[in-house]
């Protein structure tokens, strides 16, 4: 019987770490991983609340989120590989031809 | 309208008709001249008829009025186009049409061989028309039309030789004409303000109204106590304010201080124009205005005082300047300024009759002098420099005689017209107004008048011809008759207001309500002293310049007096340098200023800083912002996050 | 839990589009490589079918209230589908010209459209989330579909990164909102908004994070920075499509989100006002210094987003109508502008303002359309843009929030400058470029949108009629 | 439908508009056709306007009203009509079109189709702005006038035409957006207090004056500011004027655009038509400041004009100076002032239009538009010179010609106004001196002096002389019998000033 | 007891996350992420979500992380960030913002008056996979279908992005 806020605090912490990852890592791969982390922490929050409210909806939602995450990663990695084939790098600092 | 009213309408109608004919239909030189002259003669005759009819009307309501149509009827501005014919108007009209007619006739042969005679005569007719409107209008608004109309005509006639780059003595006609118009415009601004003040306070611009005493003039007395607050400049009585504003107009039109500088340059026009416009009629409009508005000046002693001082000062300045001139017409021009000063001073001192009297006589003999000088110039093949004349007495005897009469009249020698009128002014200054300073100034001015006329006679007619490559001849044609008539008039013109007879005073009394002062012996003695001294000085002037000095004067050289008086003389010659001052202090700075405004201030300050500047500022911001768009997605995410933090922060604190 | 009753007439448009997409995917396999235009035609047919079907759809909710249909949804769907149809028309000419012979494009466009329809019809956070993701993922691919064009790939990646970043916030927001209210249904959320306690904190953080999650989609400042890059990098038909489609969809999602708040909207209004003002000003200010036309239009679309925001932050029905009017006007106008760009650009050059000079001599008709579009974007009467601008500004006055109105005035004042600069460039410059040829389907599209612009400007009532407002 | 039985006012807008379209889509080579259609439309419009004038009842309020629902959702109507105030603007707006077409005769045939079409559009939108009763309708035309003019400058202009066109469009547009905001605010606030969505200016004025709608001072000043900025820039008043000279420096030499643009006095007209009835208190509140601006415009523009070397720019500054009088008259909110303002607008249309024709004739010569390149034209072209003389003096404001009456009335009105007074007038009256200075300078340099050998100017053609002659006659008539115009204005202006909302 | 498990797993999760964030090598990061996912899976179990526990392990640990590792190896992009950071102020600003965000969340969590301390973890509701399945196919039928469309889209996308130019 733990207070909800323990879980929420944890998920928030993880979420922010994920955010930091997106902002601070320069390899697109790492950025994707960080995004995954963000989504995961959100999932954790959802599951927590599902349990608090004794409701299934949130768990279903988590299921969808996981699906979406997978899809996004798939597309993202595909793009990344495609770009890597030309640029030989996954570093997003090197992808700044469009600016201004 | 009554037949009399129609008669009134005819007076200006003739010149107008003449103008239209000349402007649109006639082209031949003779035809135009004759038509123009006939129209003025007809107008003169009509005027005589009108005057006789006027004399028949009862003393207490002695006026004829003609209401033609409503000009403006907006809110408080109700102005009609209407004519007003009372004794004052009558004398002015007689002068204008009479002298005008003579000068038209004179012009026929004077302008012989001119390239644009039809234009010349058309303008001349138009001028007479405008001048008649000026003096005959029954309200200030219509008067202003005439006022500016004569200004326009003077612009046109001064610029008659507009294609010449310079006429003697080194004046550019186009510049002179523009100068005259703008200078007058300054005065007109004052008159305009006066009109608006009158409308705002009295709701009408009509002098006397339909029934003769419903105009604003009759209401001035009630308004005499009203004062206007001028903020920083203290406050001023309404009536004297109006009067002051009018003085500005007078100074412009009648070439008084500080606006007289245009008149000498106006001599760029043909000589008959100088005679008609710049001596006999137009320049006297200011005096007419003061006399017409005399109630206001009676109620505003401070304004009247200003008028007096301006007049006296101008009289003196004009006289001193006239002494030094070598151009035969410039002498007369400055003398005109000076004589106008006499009139204005007289009007300022309340001697309205005297002012009008002098106006009339001056109109006669100054016209005579100008026409005479015109004849001389004509005979000298357009030479105006007196240093190249001399000995003309033998070459043109007729001109010599009439010119002598005119000169004596102007110098105020007994018993010619000038004596009586000028003398009346002086007497009034001494006995009536008892204003010593002004009297002294005026007397001094009249001495100088005598002196420069003597000088001019000497330089022009005395001795033998100095410039041997000109062959003066006298062939007057139609110029003869006007000269004779004017000579007679200026000899006998004094009769109309002799002491003891004073027809003019009686005639004008319905307007001015003046009783003639009764003549005392002391006045006679005073007058005698003045006239004798003047005569002596005039003879002195003649002696000096016809004697040994005469041989020293050569074309293009300074006057011997310059040797003694030096720069003072030079200053006199430049009309006390006022023109120079204006050039330096007004005209050139204005040019530079406008260049600065148009090339620098408008382009760079207003457009560059206010308009383009603000636009440029946005542009700068824009570039900065688009540099922040550095193309790196991490930065995008960071900005994103900043947004989130701010929003979440707000709701967390706010909710 | 019984199997839910399904009223297909509620989601008829969605069904047509998604089913059509699937079928088209299969059919496309049997269409020879050279004749991919057939695919385009089929996709167009599907879209138009869905468009028409809208008139027969029934109002209400279905599938256990996961989706609903109403007047607003109808209007929005109409705009979305019309935009899709036009975009398909344009793409069918422009993509081959740029050497992009990928018929999957149309399938993906249909799928994205499905996502948009979901956003406009969704009544549950789950539906909205999925709709958004469907839209996004399709658009990531479409953006990058011009590979091996570097710009296109880069744009795709950037879009994906920012998109998934935003998705993270959206999901977290959904989580918190659920935590606060215990439901994902918008209607029920609206009923039990917590009044106090920690739940209230969850709720507001959640709502604002969801706002962010949708806000990046319509590129509200400061979540806008991906927009210019993506618009510039993506192939022009795709840019046109997403500049209008995803904006409309995203905004309608925001609208349904804000309607949940009800009276609590007051609390949020300052934030929304700030967003709106910032968006309007930043968009138009940065646009000034752009040379690339696509980038300029991207920034202009940002500032227009601010205008729409200005309308919907009132939350009143009238202002939502105004917002929809604005979106409609903006859609047709933007499509017209991009259509002209597509005709002008050959293979993958990025057009600059300089390329416009002398267009008047070269293609009078084309430049007339461009002029119309520019004037409408600037909001000059009598074009669609004018009434749109007026309506949103007047909604701003309704709550006495004159400051937003003044910011709007400033923004469109600045905006006028670069629109007119293009216009004058087009009219006055000279160039010896050969006149561009206008392909048939582009011509049709151009004519349709131009007529729409003028019609909406001369008879604004017609828009309401077309969108079946209950005015 | 109105008493005439046909939609007169709508026709006034439609005729040039349709003509413009026809010209636009006519074959490029049909040169005669372009000019013909344009001229016919212009003449027809003049006839229509005159019909309106003569069949107009001397009462306040709109007549010949054509009204139709436009955008019912927000109570927007298409409502146009004529009254004593705008009839004369319309008359002149229609009269200048033939003049502009006349001036445009030197437009090169190859590029004349769009030119005539745009001229017609400009005329249509200008007239529309004058006759609009509905506030938003007015705004539509108000902004619409920008488009054809900017296009004319951009496509057919000379010199810095691009920059000029952009500035010409953007600068007034910026102002007009604030007008739009104010309109929206006014309508919404009215709606919130009365429950009626209406853009009908008469109804709005009625509501505001009858106290049915009460604005607190802050809001009123805010709304008025929107109106003021838009109209002040459009008028233009110093210091918002810089777009105007630049635009006119860039217009084609023959001056057709300038002439057609002359009656673009929509700004000043807007003050009379909308600002006065809506915000009388705000007008009085702003009058002292605006009066100063107006006086500055009068003198400043006069001085700047003196320094110009391009006759067109000189004339545009002259226009700015005249408009200073107009603004003074309007902000006096007196019958005299407003009549004077309207009359001055009409006069400036006539006089400056004629002057632009003169400049156009001169600019055909090698001298171009710089007065210093000319000399002695009066001698080589006497008739032309004399007509020019009269027109110049009309513009200077010599009584007996049209210019004077308007200026006098404006100033008189301002003098009578409680919140302006003679302080302003004594400043403004300098304007009649500076105007004399710069116009006489131009006349003197160009027409007087010795006949120039470098660019001698031949006598103007019969038709040119005829056109100028007609204008001169008009000037004299207005100058000697202004009641001709003023009488028909009286009822409307009196109603306007007495704050009675016209039925 | 519960608290102990929570604390341990939470600690592991956070360590994994931080390590992922900081490790230079992409492979290591992937593995740390795996650790974090595992920990979260355990938490799911604590929260009576066995189905999600399974999904978490299968999809994330089983599929996504493998995919990541696969790509990293394939591209040999383990150490792609060795060149210096072009944007100096990026990292500090990011950290500050992150801390602010944390602070805000913490503020929300602690500031509010704890009227009723919501608690989680009592065992009487156990979300059996069957319930979730039923929910998926009844209430959430439409989202479920849409999810499939999302996957379809991703599929098409990946295929399109990797088809060779014809």
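The letters A, B, C, D and E name the chains in turn, as written, and every chain counts its residues from 1.
Rule of thumb we're sticking to: contacts are C-beta pairs under 8 Å (C-beta built on N, C-alpha and C of every residue); 3 or more make two chains touch, one makes a residue touch a chain.
Keep in mind that this is a model prediction, so the values were computed, not measured.
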Given the touch definition stated above, what is the smallest step count connecting chain D to chain E? 2
Which chains are shared contacts of chain C and chain E? A, B
Nearest-to-centre chain - CA centroid comparison: D
Could you pull out the chain whose C-alpha mean position is farthest off from that of chain A? B
Most remote chain, CA-based centroid, reference being chain E: B
Distance between the CA centroids of chain A and chain E (whole Å) is 6
Rounded to the nearest Å, the gap separating the Cα centres of chain A and chain D is 65
If you average the Cα atoms of chain B and of chain C to get two centres, how far apart are those centres in Å? 78
Centroid of chain B to centroid of chain D, CA atoms only: how many Å? 38
Could you check chain B for residues that touch two or more other chains and list them? 626, 629-635, 637-638, 641-642, 644, 648, 652
Multi-chain contacts only, two chains or more: what residues does chain D have there? none
Do you know which chain E residues sit against two or more other chains? 86-87, 90, 94, 97-98, 101, 104-105, 108-109, 118, 135, 139-140, 143, 147, 150, 153-154, 157, 161
Pairs of chains in contact (touch as defined earlier), listed by label: A-B, A-C, A-E, B-C, B-D, B-E, C-D, C-E
Given the complex, residues on chain B that touch chain E span 630, 632, 634-635, 638, 641-642, 644-645, 648-649, 652
In the complex formed with chain A, which residues of chain C make contact? 125-126, 129-130, 133, 137, 140-141, 144, 147-148, 150-151, 153-158, 160-161, 163-165, 167-169, 171-172, 174-176, 178-179, 182-184, 198, 202, 228-229, 232-233, 289-290, 295
Complex interface listing, chain E residues touching chain A: 2-3, 6, 10, 13-14, 17-18, 20-21, 26, 29-30, 33, 36-37, 40, 43-44, 47-49, 51-52, 55-56, 59-60, 63-64, 67-68, 71-72, 74-75, 77, 80-81, 83, 85-87, 90-91, 94-95, 97-98, 101-102, 105-106, 109-110, 117-122, 125, 127, 131-132, 135-136, 139-140, 143-144, 147, 150-151, 153-155, 157-158, 161-162
Which residues of chain A touch chain C in the complex? 4-5, 8, 11, 15, 18-19, 22, 28, 31-32, 35, 38-39, 41-43, 45-46, 48-50, 52-53, 55, 57-58, 60-61, 64-65, 68, 71-72, 75-76, 79-80, 82-83, 86, 92, 95, 97-100
Can you name the residues of chain E that touch chain C in the complex? 104-105, 108-109, 111-116, 118, 134-135, 137-143, 146-147, 149-150, 152-154, 156-157, 159-161, 163, 165-166
